[in-house]
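Think of it as A, B, C and D in the order they're written, each chain with its own count starting at 1.
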Amino acid sequence: MSSESKKNIDLSVRLGRITLKNPVLVASGTFGYGEEYAELINLNELGGIMVKAVTLEPREGNPPPRLAETPAGLLNAIGLENPGVDVFLKEKLPFLRRFQTAIIVNIAGEKEEEYLRLAERLNQVKGISALEVNISCPNVKEKGLIFGTDPEQTFSLVKKLGEITDIPLVVKLTPNVTDITKIAQASQEAGAEALSLINTVLGMSIDVETRKPKLGNITGGLSGPAIRPIAVRMMWQTFQKVNLPLIGMGGITDAEDALEFILAGASAVAIGTANFIDPKTALEVIEGIKQYMQVKGIKNFKDLIGWLK
Amino acid sequence: MSSESKKNIDLSVRLGRITLKNPVLVASGTFGYGEEYAELINLNELGGIMVKAVTLEPREGNPPPRLAETPAGLLNAIGLENPGVDVFLKEKLPFLRRFQTAIIVNIAGEKEEEYLRLAERLNQVKGISALEVNISCPNVKEKGLIFGTDPEQTFSLVKKLGEITDIPLVVKLTPNVTDITKIAQASQEAGAEALSLINTVLGMSIDVETRKPKLGNITGGLSGPAIRPIAVRMMWQTFQKVNLPLIGMGGITDAEDALEFILAGASAVAIGTANFIDPKTALEVIEGIKQYMQVKGIKNFKDLIGWLK
Amino acid sequence: MYQIKAKIILNKKIIPEHYKICLDAPEIAGEAKPGQFVHIRAREGYDPLLRRPFSIHKSQGEKIEILYKVVGKGTQLLSRKKIGKKIDILGPLGQGFKVNPGLEKVILVAGGIGVAPLYFLAERLAGYTHWKAEKGSKRQSIINDSSINKNQLDILVLLGAETKEKILCLEDFKNLNVKIEIATEDGSESFKGLVSDLFFQLLSKESQVNLVCACGPALMLKRIAELNYRYKIPCQVSLEQRMGCGIGACLGCTIKGQTGYLRVCRNGPVFEADEIQWNEI
Amino acid sequence: MYQIKAKIILNKKIIPEHYKICLDAPEIAGEAKPGQFVHIRAREGYDPLLRRPFSIHKSQGEKIEILYKVVGKGTQLLSRKKIGKKIDILGPLGQGFKVNPGLEKVILVAGGIGVAPLYFLAERLAGYTHWKAEKGSKRQSIINDSSINKNQLDILVLLGAETKEKILCLEDFKNLNVKIEIATEDGSESFKGLVSDLFFQLLSKESQVNLVCACGPALMLKRIAELNYRYKIPCQVSLEQRMGCGIGACLGCTIKGQTGYLRVCRNGPVFEADEIQWNEI
């Protein structure tokens, strides 16, 4: 096919007030703050970067080992290691702002209060396209219940965040729930701009020789191709129940994988674990989506969203 | 090591009133009613056979395609196809009874009533070691909510079943819940003899060329190595919260995989999807567990259960 | 039914994307019947997870041969297997073609790689290799050694392919002394069009056809089945479906039959055309 | 840091379970420094999922060499790779050994496969190949071509192995004209015991050691670090940890340092021994 027709393809997409030049992002925690990958790929080509979770105070993270490989999957228990929002703003964001790509800042905390103060701190900051609210952390106040497993806590948190900040809020859903659409609906009602799904699936692996868990933290989050069918299912379910733009992730390694999410209802996708395997994945996915659109005769990316028969 | 020491190894295990000669079973739905696999392996060597789900009336099952492969996983949507309990008793059970192995009958239904009548029907039948209560089916009466996602429905069902039948009840837990230990505790309180976990994880896969779901039923259950870390985590969580013997399953392909479950707290394990890949898997797992016990100097299988450091 | 580690005797490309693999599998070769298949593990490990089913293309002495097309990961891995290595196979599996004594004229219709089981069938029908009596099987009507020879039986083989270059097994069939007709989609050889169209054309000419056996893409088989239904000719088709166990235990490979779902791996892969609900395909 | 598809020039077993692979990787060879590593994708697909890290063992001209031991799926796959094929590698990664000008005596302590990066270091220290000046790097103190030659520097290499048969790179080191001492666990050659015990014994004899560089099992490194701490000798160790990205982005490969977690892939793999909290190892 001619390069002419490829030029006519419009990959841009709007997620509420967030505009992306193409629908391919990199997922939080798998791309650091962009610095390392900038040595390998051109960050300007990405639809956006979802940065590693930022917390109000610096966090040391979990004891090693923090990673274990499983069949077609990766268990991680990093434990939100990060230098805290002040260092992020001073040392990390200025670098990211140099690129022509959407910067989405993943925020996390153990108390509602922490999220709110983070949002305050980030509210006037330039160059942030959205805040991704990571509600997969245990709420230490409410007896360790994970925020994201409870529709009411989710509603309350997102609602209050919306009152504090004008930056669009993307709520990141955890798959470790009976019905993800309940949390999705609560987020919508609370005023989320978009949703991203899924975060990692809680898992565990044991070294039978040493008889010890393979992770220092005992359990960890499962990511990678192994979880893709779970993520696609949740995307499809959520697409039918809410009216928000959805960002799909979970085991995407190539354009075909990404298209599964898009046909199931995703307005954008994010590459996570696959960055470790091949740093070029996101760029190849962009190319592959373009090719698919060409072959299928689709000009606007929007027309692919939820195109499942 | 000498075959002497192998002989001294005691693999037998009791799950409440159920006695198994060894802790390795084959999982429901992956072994039919034993007839086909009897041509390939000696069924007498198995710890037990969990037969394909039986329902009160015959069920036709879901439209094809019923299977789709995913990374290290298998999606299935068989839809409980089975000839019904009458045919099962007349044509299938007599064959199974010929073998020296525990026969565990998986029962399923869409209404509480169906389970109860099934249990009545099976109560006086000889040669059944236990009933495995498959509570992963949607309860058509209660607006399609899956029995196994609701502690109260689970409690009610198991309690009533226990009043009807003397056959030990094994409750089979679904992983598609926020907190599996809640359902486990409800089952324990209702009088379950043992628990088995996990059933398949709800998933979906899309053929991006045809733009259609790969399964006729759209969504299906994910099994195989991909889900093992999820299953091991749930085993470990459940082991800490209930006092019942637990049967572990989900992605076991060899003795090392089985031992992950056992160290995490399983009193027995079941081989599912791996039967399709290698029909000898269960027998090899038995051998492998024996070898591990020899190397570690353990004589009684019981001492392995929950042996995690 | 056996699970064996079969040694690879030969594995070579015959035309682009199409390979033949010959395996040393005495137990399976001894019992194999045309239309049956084997379930092959393409490699150890998880990627791909499941076995892959392939019709038995030839079975002679202690060896079986598979004719396969590379379409995905499993077949690609198979195509890279080296001679001398062993692969894990289950077989022979399923129900093959059922051929009654006293046939006079048989038409075999092959679409693309669907030719694989039909060559095995043609060879047996032509009397070049022998059917074995089945031990204690409930199978009703199988031709035995004495009841058939090449003089009695008129065999017509229709080979369909996209282009002339993609016609499979032509030489093999020529050696059997059967009649051969060819259809190519691009017209680069003989009849231009689908093999089912060629079949339709021939039906008007051919009389006294006792049996049609067909294998190929599902839509081709549907068309063949409809034509035979119209002309009231007995017809057997070899169908495909994604498989799990391959031996009848998982109920994963079903297709809709007239009386409910049928397991392709156990009740088939060869079915009487009128057992199938074609409108569901 | 480059991601390249490197052609395999050589891949051969040197002693049981141990292989050498030589890769055509001009960009990486051009910049590689002793102690740095490459992150290799053992095969396409999902099994195994992640890359595997290996120290650079040699770097000459446009080629790099890796010395590896087969311990699991990834290394097994690597060992089966054929000459002429390409593999996907990322590198050079991490911080290597930091060597100041003006050294007089250096001891290199290698436990088993830990010898891999130490040979590269010895070669550079002995002046047989040259350090390249770093372009715009913030790295503080790197020896440059002129500041070193083999006459000035006294290099002692301690090689530890289980048995005589498992001693690695002995000939290579001999060719460098460095002093070599050997420890075998079963006493089949020279000193009987762990290489850390041999090191302890030698410490009392050797004076004026400016630097100890070590690589091997974690417990060996811990012992070496303790000894050097006691004798106040500067010591650098190359550590291992399970890796995800290999470039510093995922925070998956951390170990506990004195001031918090350190990324083995980015802050290391070579660390000053006193940066590490050894009681956590």
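Please note the rule applied: a residue touches a chain if its C-beta (ideal position, glycine included) is under 8 Å from a C-beta of that chain, and two chains touch if they have at least 3 such contacts.
Small disclaimer: the values here were computed from a predicted structure and weren't measured.
Listed by label, the chains that touch chain B and also chain C are A, D.
Chains that count as touching both chain A and chain C, per the definition above, are B, D. On a Cα centroid basis, the chain most remote from chain A in this structure is C. A separation of 34 Å divides the Cα centre of chain A from that of chain B. One simple way to say how far apart two chains are is to compare their mean CA positions; for chain B and chain D this gives 48 Å.
Chain centres here are Cα means. That of chain C falls 57 Å from that of chain D.
Residue positions of chain C touching 2 or more other chains: 46-47. Residue positions of chain A touching 2 or more other chains, listed in rising order: 71-73, 224-225. Taken as a graph of touching chains, this assembly is complete, with every chain in contact with every other.
Listing the residues of chain A that touch chain C in their complex gives 71-72. Across the complex, chain B is touched by residues 70-73, 75, 149, 176-179, 201-206, 208, 210-213, 218-219, 222, 224-230, 232-233, 236, 251, 256, 259-260, 263-264, 292, 307-309 of chain A.
Of all residues in chain C, only 46-47 touch chain A in the complex they form. Residues of chain D touching chain A in their complex: 1-3, 41, 46-51, 88, 90, 241-256, 260-261, 266, 280.
By the touch criterion given at the top, residues 29-32, 35-37, 39-40, 52, 60-61, 63-69, 71-74, 76, 78, 81, 224-225, 273, 275-280 of chain A touch chain D in their complex.
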